[in-house]
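So that you can tell them apart, the chains are marked A, B, C, D and E in the order they are listed, and the count of residues begins at 1 in each.
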């Protein structure tokens, strides 16, 4: 029994069948990669996990409870965090605030009016936030506005915002897209390090270097259907995957 | 039956007026994304085009009234009448239609100057700042008009030939009890024509698409070689003309005063938003819907059941529509939602 | 108009980065050149005196770490309002780009495929392409584009922003080709694309190379970019740190390690 | 007379001047009216101080003023903008009282605003002389010891119109009322309805219209086929201009109903309204407090000095404001002190003449002036740009008087 | 973000603010604004704007209907004077509670939408309140005339303790009459408290959540925070501030009119906030002072006064100057206000406070540069 179980999920946009009977079983502590051609439905699938989209049919069970029909913030409170393909951050707040907000959310729940305490005196929260910023290498920029970060940095910030919540399940939609090789390597290291904390991860990535460095299991999605699933080595050799996705890419 | 028919006519007529006034606003607000609190002022300036034309046409020979000794009192005979006699009177009589021809270039110019001189700098600023600057501008324009024309409404009658009522009932075989003022019928038709013209300009040419695109993402449209700034200016000028024409045409119904723009401002925002941001069709639909509902809510039969309903119907309908349809009647997702 | 090629103008040498005195500079009037350009985002000084030349038909890879200023440099060349060009000259085909605004530069032949693709919300795929053909001069016809990007043909009535990432990238490249460009600026064209698509885009870029189109390509996947390019320029902290033959970078491990971490 | 050396608010003491406050609408719909009122106030101050031709000081009887200011002190004044809003008017009045130390303030143009200022007067212990306010409430249920009204009211309009309407339109009529939906409109409707029903007219309907409706078409069309043959517009200012203009456009005036010509009546007229409605007012009946074409000596004197000063005739609003200022100054002179309770007592029951409108009484019980009321109609053939209203009849004071207890209310104490 | 915010700097600001407010009667003297009514208005509209800023400045939700809460506060307070007691304490408390409840209702519905749709919803509710208060609800509001005290009001609590006097009693704070300077100090103390609360909210985690709503609601919900109740809380808090302001209007001057609820009144507080600086602490207060100053002082200039002021000029020049200046004061004060709005927003984006900061930063730029942009090399020139 995995921590996340997806059964027979279907989703159509108008005439387009974006997801077709998708089944997925993510094991606790695993790094589960989802790869597949552009437009295969990977991001759509993640959207169904976090409440942005509601599948037409099928079920999504997380830790034994259904994620369907509940609000995004409840899903997050249940322990699911997500890094988006285009960074979703608090653009006009400073980096440190960006990270403190999820920390408070983790500590205080979905709604708490704490109008009398001072942020600058919430030492414990602050420390935690600073610590995580250091982890992702943004410590120096903590007072900058998030909007003026370069894109790679924005993505790292978003990752920090998710990590600070110590989620049970972390969904990463192309976490290294647009990152330089050096930063990609840093991110891989970082993700490996959190792996040690026992966070389950679902990673969507086109960079095969990242996928094969991290994943313990890979599902391949093409045209809304899972066409292959298995350990990295199996997938690498699968001819259908070769044809639909990898092409002649050297890995 | 005839009260019903008449209220329907009232509703259509009001709707036409609301739609016409809101049309210019939705162009600027829904298309360029500028919250233009000076839109009412443009409407008012249009109306004062008519006043000015009338003033010019009736420049008069003044014959002193000798019976009054404490101050100068005159009997006034317009030069046009002394020079051209009957023809002169007719020209004066037609001052409102003539004003339309004058208002088009004048309002276009005003719109362009306003956009180039001021609004242009505010596309990238926050809505709050747009509100402050356009509200300031509206006050300034209003005060300038007040300084020149006073605060009191100025009568600007419709031509004699269309001053009375048309017997619509007779045409339609509803009996002679359904009569309706000619000028209001003309207003309705005029609104229809202007709305159709604006629609076809924006729908059947690529202009509309480019402007919509430009509003979403100026930078990228610029990268594609399009001088979006020029097109924005044109849209603004167009909106000013439409607002101005609405103002000119309204003068025989509502003698204009310097404050009339503010009186219509809130209403036009409500119409635009109920119609849905960025949707011309929505603004027109909302204009007619609100006009008709307002007319029916004012019927004595309705008021006796729900006292005061005619005072709040527009806002009530706005609330209901916005709660049922999140983006108004025909609004698009994501436009002005944050 | 002034026919003075940029490289002949003499300015203060103080700020010129040491590595920019590349040998190519002396090979006669360049097709494209930027000379000592400085750009600011408001108060932040980002492009700090970048100079380089490109010959007609050349493909240049512009490389560097995150935040090195690659995107900012491309945006400056495309004459976008941000970052603001405060100093320096940009010449394309003997015309001063630095005196133009964004749409004029585009009409003169600068085509930028922006890094976040910038598909316009509210427009369909086809309208996004049509938009590129409103202003003269037009490039490839929409039919021809569809032939090269059959996926776009399938999705032509869909709203552009609901395309998947890869599809959007294709649309962005197609949109640039829909205009008649003299200088093509590609900002991370492979980002977020599946390997098969990367290969497809690579093919298209090879094809473009075949057409002799002058191109600057910014890419994190440096190896791929260097294989495609004739020359490489490496930016660091908003300045040119290296300017030379592409192969040189591939061969020079030290250089790669220092600036590209590969 | 030093028994009155009590301390009171804004006592001018030994200073050489005494300050009046003139609080008029300078912005908003009534700005033009406010400007005219201000002119009249300035003229009144001039005359009190013995400058100019003396104006009504020449005709007023009995007169205690000597043309050397009030009680030997020169009058100076401050001005303020009411914006025709109660809050703004009270703020402005408070400024005059607290900052400028006025001994009296005056102004008007809307009943709600006047009543708000009048109750402030009572709280602050400063006399307020109402300008243009026509609601019965001002000297009825909202009357105050410190407030005085020279202007007539809705009841008097109705009472004055009655006989004229009867003479012009007969006893068999059906009236349809459109009424501005606020307190002034209601008292106006009530008063005129009492009158017309007293004549034997039927009331077809009485419909409330929102203030500032702009377009009244939805209220006018039901009139067309209601069987009514008279439309009574209980509207003021812009509302009246719009509703009248539109009613005429709907062809009401060309209509024949029940074999009679359809008629429109506007109970309260002002010059600005007549100007705004243009040709539409021709032949339409209504009432005013005063008109510059009156031929009595007082009116002539006022029109003369106002006309020579400003180049055009004064409005009724200007007249009432001018007279109020003089009356207050005269009362101080009579009382020999600025101490408000004494000034109030001097004004209460004061009877005077020579200020237009014939013999006039400031009734002690409700601080309402009683005097002749003018029934006017829009001039069919004006001889000049100012000749908009034609006086049909000067209805004698006796006909418009009523019992002081009719509208309730309580004046309150002299000392506050 | 160059100056670090600390508890100490905040306490310092708080102290200076309180000092400035309490000494207003002294330093406002030279500009002719030191009389009680105007200072009361400064304090009251300061409270209104500061509260409004908690909603608009922090969450970015632009309400165009806050005047409704002000009006409700006033009506409640006057009714409390009429029915219970002339003591201001129950009036203020009830007003805040009722305004809070009313804003909860309206906020609950309006917050289902965002952006301009939200603005129009609040506008619609406020306009409905206004129109009904003006006409149909006259028994409660006394319509156009406004709700006033009458001698015959029951005042049950007062009736137990004191004998009714001859006239209408005045509002009091346990015997201290609430007119004149004592009224001002009462408002001033509440303003200082209101400012302090707003400061605490801004610096608190709750305030940070509100800013997050403004910045990115999507991210907020994917972060596990429920945006709606946060926004609603801010809405109710600002509604309560408005109710307090409304109550104070009635405390210092016991009359409540419907026009207080009109859209222009809602617009006024929006303008105050923007003028001073949206989202800044001091800005809204500053904006309120400026607009009220113009309304009360600039409108009061007349020709005679101007002639006195410019009497030092030679005859001809004096006339010219007076006629030119006359355009902008007295009946022309709106014109000046309009021009002021435009100038400020064109030349000081972000309002007065941010504008001032910009000017200060510009002056001290070199000094700040070194510390704030450590990751970037020094700027070239």
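Methods note: a residue touches a chain if its C-beta (ideal position, glycine included) is under 8 Å from a C-beta of that chain, and two chains touch if they have at least 3 such contacts.
The shown structure was predicted, so the numbers you read here are calculated from the model rather than taken from an experiment.
Enquirer: Where the contacts of chain B and chain D overlap, which chains show up?
Expert: Intersection of chain B and chain D contact lists gives E.
Enquirer: Where each step is a move between two chains that touch, what is the least number of such steps from chain A to chain C?
Expert: When the steps are counted carefully, the minimum from chain A to chain C is 1.
Enquirer: Just grab the chain with the largest centre-to-centre distance to chain C, centres being mean Cα coordinates.
Expert: Result for max centroid distance from chain C is chain D.
Enquirer: For chain A and chain B, let me know how many angstrom lie between their CA-based centres, rounded off.
Expert: 52
Enquirer: Please work out the Cα centroid separation of chain D and chain E, and write it as a whole number of Å.
Expert: So the centre of chain D lies 36 Å away from the centre of chain E.
Enquirer: As a quick test, compute the distance in whole Å between the mean CA positions of chain B and chain C.
Expert: 48
Enquirer: Would you mind listing the residues of chain A that make contact with two or more other chains?
Expert: Within chain A, no residue touches at least two other chains.
Enquirer: Would you mind listing the residues of chain C that make contact with two or more other chains?
Expert: Only 44 qualify.
Enquirer: Please list all residues of chain E that touch 2 or more other chains.
Expert: In chain E, 131, 134-135, 334 touch at least two other chains.
Enquirer: Please give the residue numbers of chain C that touch chain A in the complex, ascending.
Expert: By the definition above, chain C touches chain A via 41, 44, 64-67, 71, 115-116, 151, 158, 162-167, 169, 188, 191-199, 220, 222, 260-262.
Enquirer: Within the complex, which stretch of chain A touches chain E?
Expert: Spelled out, the residues of chain A in touch with chain E are 50, 71-74, 76-77, 81-82, 84, 88-94, 97, 100-102, 104-106, 108-122, 140-141, 143, 145, 161, 165.
Enquirer: Within their complex, state which residues of chain D touch chain E.
Expert: Going through chain D, the ones touching chain E are 26-27, 31, 34-35, 38, 76-81, 85-88, 90-92, 94-95, 98-99, 111-112, 115-116, 119-120, 122-123, 137, 142, 181-184, 208, 210-211, 410, 412-413, 415-416.
Enquirer: Which part of chain A faces chain C closely enough to touch in the complex?
Expert: It is residues 13, 16, 35-40, 43, 85-86, 148, 150-153, 174, 177-185, 206, 208, 244-249 of chain A that touch chain C.
Enquirer: How about chain B: which of its residues touch chain C in the complex?
Expert: Per the touch definition, chain B meets chain C at residues 206, 209-210, 212-213, 216-217, 219-228, 332, 334-335.
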